[in-house]
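Before I ask anything, here is the structure I am working with.
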Amino acid sequence: MNEAAILAAREDRKKVAQFDLIRSIEKVMLGPERKSHLLNKKEKEITAYHEAGHALVSSVLPYADPVHKISIISRGRAAGYTLKLPLEDTKMQSKNEFLDDIAVSLGGYVAEKEIFGDVTTGPSNDLQVLSALARDMVTRYGMSDVIGTIAMEGDGGRAMFGRGVVDREYSEAMSAKIDGEVKRIIDEAYAKALAIITDQRKVLDAIAVRLIEKETIEREDFELLLIANGITPKAKKDIEHQPVV
Amino acid sequence: MNEAAILAAREDRKKVAQFDLIRSIEKVMLGPERKSHLLNKKEKEITAYHEAGHALVSSVLPYADPVHKISIISRGRAAGYTLKLPLEDTKMQSKNEFLDDIAVSLGGYVAEKEIFGDVTTGPSNDLQVLSALARDMVTRYGMSDVIGTIAMEGDGGRAMFGRGVVDREYSEAMSAKIDGEVKRIIDEAYAKALAIITDQRKVLDAIAVRLIEKETIEREDFELLLIANGITPKAKKDIEHQPVV
Amino acid sequence: MNEAAILAAREDRKKVAQFDLIRSIEKVMLGPERKSHLLNKKEKEITAYHEAGHALVSSVLPYADPVHKISIISRGRAAGYTLKLPLEDTKMQSKNEFLDDIAVSLGGYVAEKEIFGDVTTGPSNDLQVLSALARDMVTRYGMSDVIGTIAMEGDGGRAMFGRGVVDREYSEAMSAKIDGEVKRIIDEAYAKALAIITDQRKVLDAIAVRLIEKETIEREDFELLLIANGITPKAKKDIEHQPVV
Amino acid sequence: MNEAAILAAREDRKKVAQFDLIRSIEKVMLGPERKSHLLNKKEKEITAYHEAGHALVSSVLPYADPVHKISIISRGRAAGYTLKLPLEDTKMQSKNEFLDDIAVSLGGYVAEKEIFGDVTTGPSNDLQVLSALARDMVTRYGMSDVIGTIAMEGDGGRAMFGRGVVDREYSEAMSAKIDGEVKRIIDEAYAKALAIITDQRKVLDAIAVRLIEKETIEREDFELLLIANGITPKAKKDIEHQPVV
Amino acid sequence: MNEAAILAAREDRKKVAQFDLIRSIEKVMLGPERKSHLLNKKEKEITAYHEAGHALVSSVLPYADPVHKISIISRGRAAGYTLKLPLEDTKMQSKNEFLDDIAVSLGGYVAEKEIFGDVTTGPSNDLQVLSALARDMVTRYGMSDVIGTIAMEGDGGRAMFGRGVVDREYSEAMSAKIDGEVKRIIDEAYAKALAIITDQRKVLDAIAVRLIEKETIEREDFELLLIANGITPKAKKDIEHQPVV
Amino acid sequence: MNEAAILAAREDRKKVAQFDLIRSIEKVMLGPERKSHLLNKKEKEITAYHEAGHALVSSVLPYADPVHKISIISRGRAAGYTLKLPLEDTKMQSKNEFLDDIAVSLGGYVAEKEIFGDVTTGPSNDLQVLSALARDMVTRYGMSDVIGTIAMEGDGGRAMFGRGVVDREYSEAMSAKIDGEVKRIIDEAYAKALAIITDQRKVLDAIAVRLIEKETIEREDFELLLIANGITPKAKKDIEHQPVV
């Protein structure tokens, strides 16, 4: 909120409006815009389809957060980004939400692969985040029936004081089962993302084309685009009425 | 007791009553109340059923401690809590008590899953505690017949001076057996908790509904609610007559 | 001996008698008596049977040391204790002595389980000590025919300078064999302890009942109790004639 | 660019020409020329065929970068080198590009083995780089269908603060699958490089012979040589128009 | 030699005689005599047979060093000792010498077991030394045909700078083979020691009886005892003519 | 070269002749001569055959360096040594050269075993060096077809900053394959060395006998000895014309 207040002050506006808030989230999470760093034509296309993949899957899956903005203007290390915000402030996340989040994260990778028949290093951060999430589901939250309600790791994790090492407590046999469950969860989410992107190829193209044209799509535009393609946008909630941090 | 005395002093009462004692336990263990941090409606329902699950299983199992208070007012990181106190001050705990404790810990998870068909990150701390307990039963207390009366780890644990590492002494084969026993213990406790929650669904609903209404249920009310549903409360003992720490 | 001299001085006696010596051993090994920390009735019973188990097995097995005192007065972290002293000062211990020592250590656990059908956290220290002993038999003293006369670990153990780690030199296959032998040794000692406690249930009850009544049994009383039950006490030797440390 | 500017200044030229730019890249990446350190005749031949192998494979494979210069003048630790530059500045790399890069890296090894029936320590750095690349494809970029879209390692890698160790999180079973995929990727790239070097043996000889004669081949000469042997050079782009770093 | 000179000086003798030399070796290696620390009768017998076992096996096996002195006077941590000295100063040791050395080291353990049907903690240092020796034969000296002429470990061993750890380079499969070979070597040496002690039981008894009587046997006496029992002592060489360190 | 210049200066000669150069290499690599430390007769024989083994295998195998000097005068920790110098200064080594180097290193061990039917600790340094070399062939240089062109370890090796540890990246399955290949390479080199030593036993004896007589054999003498036994010495090149370091 601080960051948002500074931005509003600079531009001499009294109210920290939704506009400022979103801009401040973008800046804190992704770094300032890098207009000078232009993507070449091929990269722009790849990035557009990648972000369209995230946005489309997020719009279709019931437990995923609605999309507030999509952009292919580079920020920090990211070539583009899709900003999603939850409908309500929540303390807890559920298994169904995690499963849809993983599918949304895979949306970029799946779109690249389906459209270009090749994948780039672009999704590497997506994979890192979704893999950690899938592993946590299995080892911390009891969300795999095969493993059951066992927590494998304490809050302190595996590293102690940043220098020692705590050997994992469980056996190789258990470790292999965990790997199997993590893979199953990701593979099922992949199938879900793939089905959406294949079924709604027309919408994916529409989002990507719009992004290549305009570089950024705001929520209203995006929802019109969804409606035009027969997808009902998620219930809208005024972001100004709920603190995000 | 110190904390209790301070609270009593603040409110100008002479005697450190049971009321103060319980409030001080809550404050030391969970942190101060956070009335400003309101749960949304869905979270309130989930939390109510989660705590009702703990409370119901604790009330039915013979070796579990009786419930003194249930609350869905957030404290620290916990969305809600169920306060149990032993009938007598004890130095030792038994295998039967551990087994029931694990089932009680699973009560929250099981209730969430049965009622909502989904589970949240809420039980993560429960799982961590019950997993450590089940592992200690197997590796420190000789409470698994398959493993037998072998202690796998010394008091110093695996980390030495906070920086070195002591490789576990036992083989991968033994480690797999330990994992199997830990899982068996937890799965059996799960089945016990599930049976109670399924059989006494009506009582679970009653506790949850009351919690959503009132946010907090004290011992007397809780016991009346149990009796109304055909469950005999555990023998009551005046908490003022036995020091808790 | 120093400690014994201080105790004798305090009570104005000239000679460091056996009485002082035993009291000093108790104090150094277990900490001062904690009369204020009373066990509840149930715990008193469990502790009495636990100590009776140690004392009975120790009295029956030929290579175990004779019992000098049994007590259920809490000392330090121990709820009770059984004081055994060797008949002669020795530098070496033999395989037969180790095997009987392990059975004696299991006597407490076995008694708890047989009498109450449940086991407590009480024997945790016993298990830790006997497990380390059984492992040393196998990995340091060549006392397992399956493993043979190989020493697996040097004097420096696994930790080097308290901070590094020396990975065990032997294979997983050898480690599994070691675990198997450690388990076999402990399981056989368990069977030995169980047979004694089952066969001599009457004596066990007699010792436990006397302990609950008197809290402490000195050597003479204990030997009379054994004789009354048809067990010949071990050859008595005057403890004052041999230095213990 | 700095380095290039210094070189241009020294030779009193106003414009940082392509010539300077390439020389600066060579100097920064490989160290200064070492004219005094002459290779013996045999080594010169081996090095010529090794570099010819890289250059030929790079020229044939569609996703590899075009060759700008080949040299067998020793620089730093390298006996020779092949300078490749991408046609366009890019932020992302794709799976197809990685696969061709690995084949290009193997070109030197394959050429040595095919021509001399023996291999030297020369390719050791090539193998190190291509092995790390193949492993990253499998464990960071989701570029193996067998492993799927799982990231095995975070950005922080396995070493923490240069002194601790983070044990890999995955099982031995997963590790064996990863090794299998890494090997498969490298073996397939090997087959691709081998096919090119066998099929285009005449071109390989021509490049090597020219290198032994002249020690260095610049881009124009190299492309004429390719054309003379029926290979179409990749689309040329003026290097001065795109910043390299 | 320094230590020997000091001893000679103290006793006012001009020449550092063999007598002083042996006494100095004893003192440096074992610590000063501890006449005050008397073994009890049983321990004296065990120690006498233990040392007789070492001395007998050493006298029979062709590659073992001849015995110079046997004693059951405690020195440092050792209850007794057998002093052997090589016939010649050597820089190298051979496989046959190592094999006999291991059998000699086992002589004490075997004697204890054969005579008393029990084994003590006494041989623990013997086992440690012979196990390290057998492992070195396999992993450093190429003395196992199964493993072959591979050295598994460098001079720096497994620990680096006393604080890091160097993970063993070889596989679990190789580690199991190494363990198998180490065990085979020790088991074969055991059989050799056992055969000697069984076959020459009369000599063993004679040595042990003499030791119990006199506490120490010097070389001349020992050789007479061997001759009397039909064993030819090893060629005698005057120890004063060859420096030992 | 520095060291050689000093030696020449001491002896007042102007030119750093081949004689000085070789002496300086000996001194830097092996330490000064230790005339005082005499080997006993048996050790002299073993050492003579050991060095003769290295020299013979080196003279027969095509990719091994020619022998410049053989000596059984102790230097530093080595009982004797065989000085080989490459015919030409080279930057690269090939697989064929490594394979012959390993066989040459085994020549000493094989000779000891064949002649004396026993092996000593003497070859321990040879084994260490050849094992590291064979492992590098497999894990760094792509010289095993079974493993292929994968580099298993970076330049930094397994230890980081001399204190941390980098866990090997590859699986146990891969580790077992690597061990298998390392063993195969060494076993094949062993067979090669054994065949030479068996076939050329007469030459081996001749070299050893000469060494025992003279303690040192210079290149010219050695080559005459080879010729006399029907072996053609490698092409001679004047060592003064090529810098060695």
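Read from first to last, the chains carry the letters A, B, C, D, E and F; within each, the first residue is number 1.
Criterion: contacts are C-beta pairs under 8 Å (C-beta built on N, C-alpha and C of every residue); 3 or more make two chains touch, one makes a residue touch a chain.
Quantities reported herein were computed from a predicted structural model and do not represent experimental measurements.
Counting hops only between chains that touch, chain A reaches chain E in a minimum of 3. Separation between the centroids of chain D and chain F, computed from CA atoms only, is 35 Å. Centroids built from CA atoms put chain F at 61 Å from chain C.
Shared interface positions of chain F, defined as residues touching 2 or more other chains, are 163-165, 167, 172. Chain contacts here close into one cycle, and each chain has exactly two touching partners.
Chain order round the ring, anchored at chain A and oriented towards chain D, is A, D, F, E, C, B.
Against chain D, the residues of chain F that register as touching in their complex are 88-96, 140-143, 148-152, 154-155, 160-161, 163-167, 169-174. Looking at the complex, you find that chain C touches chain B at residues 39-40, 42-43, 46, 74, 79, 106, 109, 116, 118-124, 127-128, 130-132, 134-135, 158-159, 162-165, 167-168, 172, 175-176, 178-179, 182-183, 186-187, 190.
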